């Protein structure tokens, strides 16, 4: 279950070069995402109205997206502008187009009712004081203040909400991320979970000092540091995880942090696209901090990928379609998950079917 | 959707050697096609009536087709003639047999009501004047007048009618066959599409001279040639495409041609067998014409195979079972397709269900 | 169709080392079979009640089976004894456990109603006089009197009853086992098929002398031997096949034999686990008899595996779910099969649904 009237990240900007075409499935809808010769992104339903050939197998010409079977050509608003075998263009010769935006290094797509897209801004988080340096996503492209690892895409054979669950309950770290982020301290730490409107916020002040591995990743030397983790979620799958470190007893403004942009887009009901960027504040050591965080993230997210794939495969073999209705056991650690899933369910119910 | 009371090509003659067995699915029916020791082709339902073991996994003995599990043996009319573990042969010990004929280098099979097969001749086209040299299929085996490339079989993961569509609308050539038959001239050329009884005829007089590539394939030297293409279709998937070339302004009788036998047999609702032969008139250059046309055809049909596979995969992922009911846009170039599909639909409706 | 209130072999003892976990599906039920630190086998439904993660992907700790996602830990009776992220353990924190027993080199599992397991002994056959040396399964572990090849497990993509059928009608040997056990003599030999309670017994006195291949397997020298085959079946898939050989005209007590333990456990409706042991009486030639029988069996059972896979694939493509209702032809050689299938059907019907 996913809402359709939302901006979803469909691709990393670099996945679609000029005149390139990318076949992608977003919310169970196959789309041909392409760029015109002048670089503008566009997205059409991946199906020529003539013989239903996938438009993503065609090519981009000066006129538009040309079907690879009989050469019908469409502009980015879905109008047919050329039929090679005849001069007349019937009124029915059009294909559904989707609103797209390009921002923060991503191509965003609106799979729902197009009219609503215009008045809906891209997801954003309130930029608060202190550590929340750049929750407006500037961290993703601003390589002056930030060392940016990514963006990267991971294809995960799991329902997108299982990935959201994973990020909204970090008590899995001591078990799943034993060899990477491993943070036993997350278990005993106090968590503050709140929501503001449709967004959920989860704060964990670690009860133990920053681990040697992360101290090295930040390139912070030997001083003892406090550290914390804050998670911001906007429906349905847009998240920023901020990990921060300060000298023991110090104030946030003097510390450092990593902002992890994690955006999850449904593909089918049992698979999704996971886009991530890790931005390291000040990027110490001539890029060593950025590279170390990048490597650590790649390893850790591969652990998550395996875990989520195993989980989805188990749901599927037990015939469980939706985890919501089948959970026998809800723990305190699931509080943010429960809140987020209710918000998504409400959004889905509010849409016309 | 396919009619069952029809002769279908099930195999190339050479696919079934003496005492050989071929497992093949024709019209969703698994059959064991085999030859007795004396070379006669036969076809039985691929299922022993005893424990439902596939008869195609057995062997041909002097007595008949012997099941590989418990050795029950059947003659080509489906009667059981041996049960190794007991002397008695129950009346229920029989398996469905199918009428078969061998002609034009193919084994033809009748998947429908057997009684109707006897009175139904194999498909044939009227042999007209001029270029239609050999529309009685003699071109396939007569290697005196003809240089014969093939027969070959291509397995295509597409409904057989999508392949028929492909051959009944050659305006795809400039897009699909850019690197082979590429013939932009097909787009602007006048087409004459007619039907006679259950057969459809599509004639295209090319508006441009014969291309250098085809001139070379025919081994015709440098003179400018006119050229044309005529397509003959008999339901459900028997076709001859004749490409002809004459000296500019010359008459057909003095020209040359290639007869392309294209026979498409349904396997499942989303796959088919595509049999082809290309026969080149007079076969110039000691077989060079034949070999050049053979190579060109192999390359071009691989382009068709990819196109048709992509099209079927797109139909399947959009949940479209039958293209007929789901086409939003019919072009003038689809006229022969529309006629052929109506004829097939009428034949299907006329059969008992 | 399989009865659930039965002891099934789920694993070879050696497949589950101490603290090891084995993911296995028995009767369409995924289970995590593991051993505690002290070696006791246990089996839990392979699904953590929290987020439905497969418990088989976790690890065995001193406390129990720990889930690999959030660390919830369960004892072998299914009680949760640890939730790392909180001190309280809710009453709903439990997972279904299955009765298990370890005997004869196997781990047996009861997939049905647990209360009935306690009062139901493991399957056994009556130990008669003469050749039936060890039908109490002692042959499997007693390596004093017996040379033991196996236990081994074969995964077969076929319904378990097709494997039972195969063993209850050995007239397939001349066709399937041409290159191994090949015994044309089985066809003309008299068979005595009886049942006692829920067990079926099939006796074949071979009408020809012991073949050179088997004489060599037994390491019996050149004397002419009589030989026979007796098959004992207990529902649903527990079998012992005894092949015996005596000097021509001699008495059983002076002869030799091989006891083949064959146990078939349903996995899904179209796949099963086939466990086997071959125990050779007196194991002549310093283990040569045992090794020769082991090799012969491995080859022959690979022939059966291919046959059964072909048969199931054919049932599936013809849409036949259950061979019982679809057999057009029953032979005399099927008598034991018919008896066994009736007994299994009666057991299935007797269970609550």
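The chains carry the letters A, B and C, assigned in the order they are written, with residues numbered from 1 in each.
The working rule: a contact is a pair of C-beta atoms (placed from the backbone, for glycine too) under 8 Å apart; a residue touches a chain by one contact, two chains touch by 3 or more.
On a predicted model such as this, the values are computed, not experimentally measured, just so you know.
When the CA atoms of chain B are superposed on chain C, the rotation angle comes to 120 degrees (nearest 5).
At the interface between chain A and chain C, two copies of one sequence, fewer than half of the residue numbers in use appear on both sides, so the contact is built from largely different positions.
If each chain is reduced to the centroid of its CA atoms, chain A and chain C end up 49 Å from each other.
In chain B, no residue touches two or more other chains. Taken together, the chain A residues at the contact with chain B in this complex read 30, 46-47, 49-54, 57, 66-71, 83-86, 90, 92-93. Across the interface of their complex, chain B is touched by residues 165, 169, 171-172, 174-176, 187, 307, 310-311, 313-315, 317-318, 320, 323, 326-329, 331-333 of chain C.
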